[in-house]
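So, here come the structures, one by one.
Two complexes follow with chain A in common, the first pairing it with chain B and the second with chain C.
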Partner chain A sequence: MTSGMTSLAIYQKEAWYDLVSVWRTPGFVLPALAFPLVFYLFFGVLFSPSGSGSQAAYMLVTYSCFGIMGPAMFNFAMSIASDRAQGWLTLKRLSPMPVSAYLLAKMATSLVFALLIILLLFSAAALFGEVRLYQHQWLGLALLMLLGTVPFALIGLLLGLTLSDKAAPGVVNLLYLPMAFLSGLWLPVTMLPHLMQQLAWLWPSYHLSQLGLKLLAMDQGHAALLHLALLLVTSAGLTLLCLLVFRRVIGAK
Partner chain B sequence: MNPDVNTDQTLLQLTQLHKSFAGKPVLSGVDLRAKAGEVLCILGPNGAGKTTLISAILGLIAADSGDIYLLGQLQQGASRSVALRQQLGVMLQIGSLPATLTVAEHCDLFASYYLAGYSATELVTLAGLEAHAKQRFGRLSGGQKQRLLFALALAGKPRLLFLDEPTLGMDVEARRGLWQQIRQLQQQGVSIVLTTHYLEEAEQLANRIMVLHQGKFIASGSPSELKALTQYKVITCCSALTDAALLALPGVLQLNRQPQGVTLHSSHAEQTVLALLTADNTVSQLEVSQVALEQAFLQLTRGDGTEAVGSEKEEQAA
Partner chain C sequence: MKAIVIIGTAALLLMFFVLLPQPHAPLPASSAAAELDSNSFVLGPVRLFDGEQWRDERYIEVRDGRVSQLHLAKPDSQLPLIDGNNQWLIPGLIDGHVHAWGDALQQALNFGVTTVLDMFGDHQFLVAQKAARAGTERTTQADIYGAGTLVTAPKGHGTQYGMAIPVIDAPEQASDFVAQRLAEGSDFIKIVYTSPKALQRFAPSIDLATLQAVITAAKVQGVLAVVHIADSPSAQEAIAAGADGLVHSFFSAPVSAELLQRMAAEQRFIIPTMTVMEGMIVQQINDELLLQAPPPQLTPAAISSLQQRFGNGLIPKQRYQLLARNTEQMADAGVLLLAGSDAPNPNTAHGVSLLVEMVLLQRAAVPTLQVLQSATSAPAKAFGLTEVGYLRSGFKADMLLLSQDPMQQLTTLLQPAAIWKNGWRHQVKLPAANPAISAGLIADFANDVTARSGALAASSDSMMQGRSSAEMRWQQGVLQINGATRPGFAYPWAGVAWQTADSMETGSNFSGITGIQFRIRGTPGQYRLDAFSAGSFMPLSQHFAVTADWQTIEVPLAAFNGLNTEAVSMLLWNGPQGEFQFELDNIKLL
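Then we have the complex of A and B:
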């Protein structure tokens, strides 16, 4: 892929136009930004016992996690499934564009949305939720959530490579919403039945939120390294699966 | 022809290309050669293997056996180098590009892929969409979309250009405009491989037409050579003779009666006409015409393809 001929301009333009194209799709932008903010204001701020800000802080972590998952999974799954179905991906692959430019562009879009969601929720938390954190906690949480988009982008990529453009949105929702609930992103995981608490370990969103909560000393108390290792293993496994599927999809059509 | 163009240069060559899907042969021994400045038109009914052939050439699928040379380089499997892709242009039948990006933005993006290609502005001009540069792809008409895709195929100033049904959905005027552009490219020495359902398009543009049927080329030649392959002519007239009497005329292979007259297919048109005029002095509206390529094409691809092309026996049997 890196033949020295591919210039930085391709990567920049690919990323810019992916973002522009997504930004001009209100059906994507509005739910992606509004849902986490509205849910957080409702459950994290409005229903929070006033004065302490501790529930607002806890929910800030879990709703940030909920917020960054959506755009990563949806942008990858839906636009890749659609580009495949429409033949646009085939045409791009026949051009000299490196596949990495295409995938990194989608990653960049996911990161921009993640950053916007983080800024929106952090502002809401500080302004209305009486959440007071140290500077390193704000920064650490923001950085963690940005890096945390990776496994969800990979899940989206896998779905985008395997599903039809018609099936992709439905399947992503079918995965996204239960995964968020079972990872304790809407209700604290400790409020879930025992079996569900154990099943939470399956989901990357659980481990990401626990790492975030650890920054605020509000986690369940498992080792940070364990959560981190499970996130890395999940991401590595997903990467491998994506590579295999990518070869098969590319070879078959 | 541009004197700078070396027309001996072979830009695409296939030898004995085979490809099967699940044990069913789709390409069975395809040979093909396209030179610089040549428009090669691949004709064939649906299912003839056109898509598989183009996919194998472009490296979207790997052929089972046979050699593919692109720009003189032997290709391995289903991978095509970036350096090669810089010099290829491809227009496929595409459902949609990202609908929310404008014409100018699509041109800007595609122009950035190529080292020595056209600028975004030049691509908009090539597409003839200057007045629609700021229009989103989703709001273009079918013909305008095709013109944009055609321009994107030219983004890298390709030496070898693949056009799959390029004028699909275009009105007559737009179609003629695109033909003009294809002729200009041909004069610049671009080698063009074209698939089309419009036979007029093949007749107008092709130096050579190759007819693909059940994974093999069953006929190849210039449009006029291909016409000559079909050995009969069509005679239409109004005659008082009975069908039996008409069929008994020398050279007549087939007869179709229509309200406005009768159509005869003849292997020896001159003799048929002479005998017809001798037998019936009331004949009117007599017309002798060459078989249109469209009919030739139907004739070529009818049957199992192993028969001689345009076989009279086959026609008689029908």
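Then we have the complex of A and C:
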């Protein structure tokens, strides 16, 4: 066995066990999967005018976005905060495993959950919501949402590195839910008061959902590149912050 | 084993996405506005001004050329979607004061003016064009509502244009006079009035009793009566007499508090027509906004008209400040302001000058929202138009898409991103460049009277009911003109005209020409060579003396100060006063 394969195995094992440990936490799995699905069925399908797939399609994008944000933010923020508190992070850093394996494992778990949510919501949309999209739109939306987990994972990482394990769940909720609402993920952004519509520009979730809606020609009509650029800038900024905070955390230990 | 799981998962995922349902009908793909060939569609997202206010709705649904509904979000609809790119959508503009003939309505639409209110013109033209306005057929011209023939005194303002029009001189005739106008197809009644108290009276006017009688007759017969005034006392008396609106403002005096209060309280309106007055006083706005880099839609004739000035130029510049102040006070007091250009008078052209007027209103400190209303909902309200002026359910889908926010940058109106008329996307047809004319011989009359370009013909003011006359004939290699110049028409003329191109509307491009040379002899006296720019009926003149002996005369083109050399439509050789005979030969361009 070459050392390269060994390290690949480390990455795989860490990812697998992270996923298993999360999977065995029903308190995480159930809300992560059920909330977006139930909300979507409720607001996107049941309340949607009959015979019209357009509201169901619009809401599919926004609730997918809402769905993928959750696991990314929660998995990073809560488990890193508790790993720090319980000394696991220190132990893992002492082991030969690279830190990147630890972070990528969390990312992989977030992606798996994101994929599950996408599968659930797409199925609900197709079966109950009469949503009919072209293959490139279905696939494009799925890929966009998977990639879109990155900024939220970074937000989770930042919170996990800075918050105590007791504060983390509360703070994440405090950020997650208002951010979803103010980005127009629950109700179309055009139904929000004018000031809130303008504030929506602050949130990465707004830009991600607008990109998704653009695939369906249902967005507000701003340039895709603008949304993309803002998402990239936000992600870059968050990465930088995480690096700074991570150094401080290591230094303190 | 692991590999099987991975491959299995991937296969399942693939199957999932393959099985996801696809639409049967093609999705309404967002199409470029220009490609759509229908007057039913959804346009959005846009910022939408409905004629009265900015709306929260972002999408407009148009069916069969009419606004069917506004939507907050993209409606679920089979209609094609036009991408509004978050640009600004406003109703097609209404020019509240024009005089339309020829291609005026086409020129107007090319600038996004989708409706015009004609304040005096040929009633036959009005009737011919009126029919189109009821429907939403595809068209290349603006809708017209009009006064038809105006109401004026014998020899009053309105009679000087050479068109024989009926006049009124006593109150008893009012009822019949109004009835005749309505029978001819007038939509409303326009009256010309100058008070005896006015400091300047340019032409005879009907008296106050007749004014009152005509306004009353109009009301009895169920139409609006609007009044042309040029000074403060006339405005006061017209409003007191019950006029629904004034079709000009004035700069003779500051507007009185009493008039302001009355006009606001009784909902009378005013069309200040600042652009045409700017042309009498300041003469800068067209150079600033338009002529540095003329918009491509402007025809050469329109450019000539924008460059043309009212003769005297003696009115002190402060008068324009007074006019602007009056306008501001009227807006402040809540008087309904309507934007109107008075095109195609000097300093104006159809379509484009309404945009200039809106800029002038804004510069007179009228709030921008009110400026936008002045060319949309305000004229609709004032004239009771139920088809245009708003983007609301049931109104015509006459719309302008603007690439900038007009509240921030009003001049974005000069280059609308798209124009819709009756829900059809209007493609602006740019005027063709004028054919350039080269130097050299135009006509030597060796065999006949033909010219190298255009044609020669006798011309006199008899065509405008004047008393002059002219005849031309070819004789032994020269052109002989017999005629007489007699007073009668305001600008008497008699002689021979060379129309430089097949079309008087475009003329020829004289940019490469420095002067005109010709041989002439005839009844001795002071002769006159008139040059006309396309679109202008006001000649520029050069005088020269003629004797009984042949002489060669050269007139430099530069002598015609103000001539639009890119569009010279006609040169006119006029004989002297009284009876004359002259011979013309060897006309050359230098």
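Operating definition for what follows: the second predicted complex is superposed on the first by the 247 of 253 C-alpha atoms of A that agree within 3 Å, B and C clash if a C-alpha of one lies under 4 Å from a C-alpha of the other, contacts with A are read in each partner's own complex, and residues count from 1 in each chain.
Everything that follows uses one rule, which is that contacts are C-beta pairs under 8 Å (C-beta built on N, C-alpha and C of every residue); 3 or more make two chains touch, one makes a residue touch a chain.
On a predicted model such as this, the values are computed, not experimentally measured, just so you know.
Q: With the two structures overlaid on chain A, would chain B and chain C clash, or do they fit side by side?
A: By the criteria stated at the top, chain C and chain B fit after superposition, with no clash.
Q: Taking the superposition on A as described, I'd like to know which of chain B and chain C A:91 touches: first, second, both or neither.
A: first
Q: Touch check for A:21: first (chain B), second (chain C), both, or neither?
A: Only chain B is touched by A:21; chain C is not.
Q: Given the touch rule stated above, what does A:220 touch, chain B (first), chain C (second), both, or neither?
A: So A:220 only meets chain C here.
Q: Taking the superposition on A as described, I'd like to know which of chain B and chain C A:169 touches: first, second, both or neither.
A: In the superposed model, A:169 contacts neither chain B nor chain C.
Q: Between chain B (first) and chain C (second), which, if any, makes contact with A:31: first, second, both or neither?
A: neither
Q: Once the two complexes are overlaid, how big is the angle at chain A between chain B and chain C (Cα centres, nearest 10°)?
A: 150
Q: Quick one: is A:122 in contact with chain B, with chain C, with both, or with neither? Answer first, second, both or neither.
A: second
Q: Report for A:139: first if it touches chain B alone, second if chain C alone, otherwise both or neither.
A: Second partner only.
Q: Once the two complexes are aligned on their shared chain, state how close chain B comes to chain C by Cα atoms, in whole Å.
A: Least C-alpha distance after superposition: 17 Å.
Q: Mind pulling up the chain A residues that touch chain C in the complex?
A: Residues of chain A touching chain C: 49, 52-55, 58, 115, 119, 122-123, 126, 131-135, 138-139, 142, 188, 190-191, 194, 217-222.
Q: Looking at the complex, which residues from chain A come into contact with chain B?
A: 1, 3, 5-7, 9-10, 13-14, 17, 20-21, 24-25, 79, 83, 85-88, 90-91, 93-98, 250-253
Q: Per the contact definition, I'd like the list of chain C residues that touch chain A in the complex.
A: Per the touch definition, chain C meets chain A at residues 13, 16-18, 20-24, 27-30, 44-45, 56, 58, 72-76, 81, 83-86.
Q: Can you list the chain B residues touching chain A in their complex?
A: 55, 58, 60-62, 78, 80-83, 85-86, 88, 90, 92-98, 100-101, 105, 108-110, 112-115, 136, 149, 152, 155-156
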